[in-house]
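So that you can tell them apart, the chains are marked A, B, C, D, E, F, G, H, I, J, K and L in the order they are listed, and the count of residues begins at 1 in each.
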Amino acid sequence: MRILVIHGPNLQLLGKREPGVYGKKTLKQIDDEIRKHAKSLGVTVTTFQSNHEGDIVDKIGSSMGEFDAIIINPGAYTHTSVAIRDAISGAGLPAVEVHLSNVHAREEFRRHSYVAPVCKGSICGFGSMSYVLAIDALVGRA
Amino acid sequence: MRILVIHGPNLQLLGKREPGVYGKKTLKQIDDEIRKHAKSLGVTVTTFQSNHEGDIVDKIGSSMGEFDAIIINPGAYTHTSVAIRDAISGAGLPAVEVHLSNVHAREEFRRHSYVAPVCKGSICGFGSMSYVLAIDALVGRA
Amino acid sequence: MRILVIHGPNLQLLGKREPGVYGKKTLKQIDDEIRKHAKSLGVTVTTFQSNHEGDIVDKIGSSMGEFDAIIINPGAYTHTSVAIRDAISGAGLPAVEVHLSNVHAREEFRRHSYVAPVCKGSICGFGSMSYVLAIDALVGRA
Amino acid sequence: MRILVIHGPNLQLLGKREPGVYGKKTLKQIDDEIRKHAKSLGVTVTTFQSNHEGDIVDKIGSSMGEFDAIIINPGAYTHTSVAIRDAISGAGLPAVEVHLSNVHAREEFRRHSYVAPVCKGSICGFGSMSYVLAIDALVGRA
Amino acid sequence: MRILVIHGPNLQLLGKREPGVYGKKTLKQIDDEIRKHAKSLGVTVTTFQSNHEGDIVDKIGSSMGEFDAIIINPGAYTHTSVAIRDAISGAGLPAVEVHLSNVHAREEFRRHSYVAPVCKGSICGFGSMSYVLAIDALVGRA
Amino acid sequence: MRILVIHGPNLQLLGKREPGVYGKKTLKQIDDEIRKHAKSLGVTVTTFQSNHEGDIVDKIGSSMGEFDAIIINPGAYTHTSVAIRDAISGAGLPAVEVHLSNVHAREEFRRHSYVAPVCKGSICGFGSMSYVLAIDALVGRA
Amino acid sequence: MRILVIHGPNLQLLGKREPGVYGKKTLKQIDDEIRKHAKSLGVTVTTFQSNHEGDIVDKIGSSMGEFDAIIINPGAYTHTSVAIRDAISGAGLPAVEVHLSNVHAREEFRRHSYVAPVCKGSICGFGSMSYVLAIDALVGRA
Amino acid sequence: MRILVIHGPNLQLLGKREPGVYGKKTLKQIDDEIRKHAKSLGVTVTTFQSNHEGDIVDKIGSSMGEFDAIIINPGAYTHTSVAIRDAISGAGLPAVEVHLSNVHAREEFRRHSYVAPVCKGSICGFGSMSYVLAIDALVGRA
Amino acid sequence: MRILVIHGPNLQLLGKREPGVYGKKTLKQIDDEIRKHAKSLGVTVTTFQSNHEGDIVDKIGSSMGEFDAIIINPGAYTHTSVAIRDAISGAGLPAVEVHLSNVHAREEFRRHSYVAPVCKGSICGFGSMSYVLAIDALVGRA
Amino acid sequence: MRILVIHGPNLQLLGKREPGVYGKKTLKQIDDEIRKHAKSLGVTVTTFQSNHEGDIVDKIGSSMGEFDAIIINPGAYTHTSVAIRDAISGAGLPAVEVHLSNVHAREEFRRHSYVAPVCKGSICGFGSMSYVLAIDALVGRA
Amino acid sequence: MRILVIHGPNLQLLGKREPGVYGKKTLKQIDDEIRKHAKSLGVTVTTFQSNHEGDIVDKIGSSMGEFDAIIINPGAYTHTSVAIRDAISGAGLPAVEVHLSNVHAREEFRRHSYVAPVCKGSICGFGSMSYVLAIDALVGRA
Amino acid sequence: MRILVIHGPNLQLLGKREPGVYGKKTLKQIDDEIRKHAKSLGVTVTTFQSNHEGDIVDKIGSSMGEFDAIIINPGAYTHTSVAIRDAISGAGLPAVEVHLSNVHAREEFRRHSYVAPVCKGSICGFGSMSYVLAIDALVGRA
């Protein structure tokens, strides 16, 4: 199984700022954690971060044939991007929405996701563990 | 770690009805799966199902001292119960909200949760695997 | 045909209070009326009243195999219970929503029903006659 | 008892189109059914169909003295006609709103009725049987 | 000055029903009153009543050249007819909206008028006097 | 008949500013017009202008016994003052709401009036003529 | 191919009034233009104008068998008529909604269409050309 | 005077959890305080706590004849229970809604009460003193 | 303890008008009652009534150092005054909102209070007793 | 005439995915179709596809002087991009909004367009034909 | 240039209360700062503070001819006063809305301003500096 | 002090189009003006324009350590970009939101800003002067 992991806007700053909200790990540390976990399950993982809605749409658009599943933390685009929703819907791959923080416990506008309805499921609130659980969910590992 | 797993209303019917929406496993099979997984991690699990909002509030209210964490699938009460929200908030234990189906892909009213904001995180859309992942999330197992 | 007739919250008070709104008959008189009418059509009727949302969900949940149809006056739970909606939806039996009073002529919040969309049809405004008509509707008697 | 039965817009097409939603009977067959049932109860029935909101308002406006009760399936005008509401309210006759389909299980906008609050009660979801039940409701036949 | 006075739906029933809301005068008496008042001011008045939105749109559409101003009591169409609004707007004649009752003191939905924004002004709450005042307003008589 | 005429906020500026919206007459000219018209009908008129919500409430509160009716142009307070509404309601005198401009043809927020529901009727859009018509309405002059 | 072209309320006034909004052509000129264009494509066109919602519903209701497609400019009824929506839906013919003006650039309430969801597509903003394009769209001419 | 005091969901936890929000007294201490105060006024008090909406409805439903007034802290059910509202309305006894905390200073959804409109009055924000004041209010003691 | 009691708009009319809604006591009688009760508790009370939002803001603004607590019946300003809210919030004194009538049982707009969230608590529905209870609440007398 | 044709996000996937919603043609085939049609009318067409809101804004921003008109299928950005709206508005060129599918028959959020109000008109529901019709509309070809 | 600076309700308390929100300077200190800055630019400044909406309306109403521009901190009236909006609009002088705090970072209701749309611009969040910047903005000093 | 000045989408067009709304100066002229003003205050300014939300997020994300403050005119992204909001919030630098035009006097959707709540303050309506004032605000120059 080949999984594409997408990190949305501002996630390049992880570990550097607002650790109270997003945790202390850097994106690199999270990527290493993800890769290590995937490897232990015999899963290939490609990680990708962009602050550009268009880049994310491009990436998802070209994922068919190259990947078997998508894990996406759409960050702020969760709440505003119909384009990413349509990209996932068009890609036809099983996708899991993840969030580091519990989006339901923050501002009201963060409770609505354009992306979630076209995913298989969603996981939020567990820091980098959210990604790890998403891999398990896709692999079906108990 | 002692985890209380709460199944909300209508979940006693699992496997018997609407398998298209909720899957083919019975609640007993899911409970066995949960228990087996927990055991492999050295975690004690107590499962509890009720169709009564009040029973669930009672159970959560008496969980302090007896349990270290709560996994709750509030079912229909997700969208209507402030009482369960307050019970969790009052219990002061880390809680994870789980759903078998992807609630974001169903009726609009299922997208609002009174419970999620007082939980540590939430997981939905992976059938019985949602519970298993919640245990991993609480235990911090990668 | 075996029909389960469910009376929701506060209907045990019928005939005793607010006769201007709900009529002068007691619940027992209504149950007798229902049973007599059913008998004349060769239909078996079991009546059940509860003020507990959970009891009603329990009852509907165990109706499969025991009953062929459900008549439900969800009372106040009409407007607040997703759990009863899901129970009816899960039971897979034809159901009819009934109300003694014309709910559309009362407070605005009484105009929304969580239950009606999962029923075959609904009848309101005819006092105890609403139940009688629901039996006819289910039996298909003209 | 003389009852005026009003069929609203597009009901002239019954049986010809969208039988999945509205059933297979033609309006004529339904009218025959209604008349036959009424006759068996000693009730006189006059049926009237129009696609014109104004015609329906005219008819209701001239019903006083000629009829003792009204059964109305306002069709699409249920959701948009204050004029029909006012006509019924002005006529001062007991009225019953009926629908062939369960309007609560369709588009959101079909869940609001301008007409229901000025009627004695409403019946929906039972095909032509909805009219038959309405006659029974008005006659008080059990 | 030639004034077209339009009475909307259900106004043919004036004086016969719901005198508590609409007063005891018949439409004929009101028309006489209007005509008498107009005559005293040297104004020609043509009155027109219809329950048909389309008839009212037809009438307004053909008013140009035949009339110098319009007084309209749109009745229930006040709240639902964009067509009448567009007709008045298209006719290019000064129009006054009138109501017998104080629409602001009734149901919430009666407080919104599609017609008022395209009129010169509006007068409500004075029974048949509302029409008389509208004539004075158009004539500019003090 | 003794009528209290109240002019709300900013009406002291009439004739000086925004004549395109409010007309060219000064408040004094309008008051003279009102008084002259009233005199011709044998009616006593007292006019009062204030930019202070509290002054208007005071004035209305002390009107009982001194006046038989109230004509009020609440200006901007139309849309924001529950206090003036309650004052009129408490005064128990017949009141008429007037506006110089057609409030329905302006900003959306000007379409809602807290004052109108507690008045006998309302007149808007006819400049100073709105006041004159209100006197006629109260006097019942045709 | 036989196409029914329906012009909704107030369109009989085209060219006579508000040319700034709706253009200078009369309805007759537009009908000629439509017919000429249709003829060049070997398509038969029947045009129909009415200010009556009911007439339009009647016409659509009797279109089956006589026409192969419908082009409708519902005018003001676009925003208020569920009856026309249901008629089109019931007729089962491909339909195209057209508007002379760009309805999205006008009042907020003109942005909602009851009719569009049951049509094949919609075209607005091109004056009489909107009809011509609709014919091309139905015929599939490039 | 016999007063029934009802404590809603989660109030059994008082004093044990979230003292910052709900104060440090246990429910037993509050009940003692209530009883002592009632006794000093010659009033009999029966206290009742339940996390079950149905139990509370049952209790209120059987209060007629046994009690002269009700004091209810509906807790979370304040915002979600139409059933409790209807029970109070049906019981026909004077009722006072109380809250320990100031519900208006918390989450938005806590500002709406289904219960308050059917009570005589409401008191919130004074901790256990809210109950004591409610007794005084019912007894009319100054 | 020195308490400032503020009576908002229209309360000077108490006892004179609408006794059905606000009771038969005059404001003077209520003030005497308040003072007498306060005296019995060794509390000094200063009462103040104004129909002017600005006067009330002035009064609260100058209360610091002169008073230890505020009891305010903001009347109509409850629903419209952010200025009074800010004044109370700025004054930093414990405040209690009171109402004579049960505001939750009246018009929908009376259910929202700008003032309540910045008060310690609120009491409504008990006539002049609401003030007396507020004193007890502030003094902590049982 | 030189026309800039802009294809928004995910349109590069046309023909490859979800043909049930968007048709079977690839974007290249559609571009060829557009160019061929344009050529036959003597019109120059430049096509441009991007998943990047910013790229589309850039392109429109630099269109002045290079193009005489714009045809834009904003895809998902239709519903979320004020930036594209402002770009079109700033470019000052006549623009036509097109959609392959009938956006009015899909999710509710797809019924709102930020772009339509600043265009000359819009065409949706005709697959690639929507673009062809837009060219005809701009050229004025009948 | 003569500038009228208006301070709205509760601003007389500046520096005395809630310095965390509004800063530590007193209104007098701010006025001195404003005057000093104005003087350095050759601008005359008159400052005015009132808690009375009516006083502010009076002041603005009499500003024409006496002042060339207005700087207004409407405080709480920002969100509730149509009267001040109309006064500014009527005065015809360039006006700047200022706030000490960043109103967008506070309660939701503080994000709406009735006043801003009739001003030239607005400045918020810079404490007393907001006034100083407003003077520069009016004078056009860089 | 080093300030990063960000110009959002379509601002590259300044001076070329819609001068009625945005003024006649080109972006280059504005940048020169900003730089000149900054220089006179001993402040370093770096200006940056992009039509790409992602570029702006990138830029803000890399601003920490390189800049001491941010001035941002988010243009259309003001109303739609949570990503820019999060970037500013994450950067931890004081930021000022500026707009050339008075956004409160334009379309309703322009009145909501996702960016303003995470800024120190905002300035709008003064053309290029808005930027100049923002520098003064950050520097604290009077």
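Following the convention adopted for this analysis, a contact is a pair of C-beta atoms (placed from the backbone, for glycine too) under 8 Å apart; a residue touches a chain by one contact, two chains touch by 3 or more.
In this text, all values refer to a predicted model and were calculated from it rather than measured experimentally.
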Worksheet entry | Partner chains that subunit A and subunit H have in common | B
Item to complete: Could you work out which pair in C-D, D-G or A-B copies the interface of J-L, where over half of the contact pairs coincide by residue number?
Response: D-G
Worksheet, complete the sentence: Chain centres from averaged Cα atoms put subunit B and subunit C apart, in whole Å, by 31
Item to complete: Could you put a whole-Å number on the gap between the CA centroids of subunit E and subunit F?
Response: 23
Response to the item:
Averaging C-alpha coordinates per chain, one finds the centres of subunit I and subunit L separated by a number of Å equal to 47
Discussion item. Using the touch definition from the top, which residues of subunit J touch two or more other chains?
Written reply: 52-55, 80
Discussion item. With touch defined as at the top, which chains are paired up in contact here?
Written reply: A-B, A-J, A-L, B-C, B-H, C-D, C-H, D-E, D-G, E-F, E-G, F-I, F-K, G-J, H-I, I-K, J-L, K-L
Worksheet item: Can you name the residues of subunit F that touch subunit I in the complex?
Response: 52-55, 57-58, 61, 64, 80-83, 85-87, 89-92, 114
Worksheet, complete the sentence: Residue positions on subunit E within touch of subunit F in the complex are 33, 37, 96, 102, 104-105, 111-113, 116-126, 129-130, 132-133, 136-137, 140, 142
Worksheet item: What residues of subunit A sit close enough to touch subunit L in their complex?
Response: 8-10, 12-13, 16-18, 50-55, 75-77, 79-80, 109-110
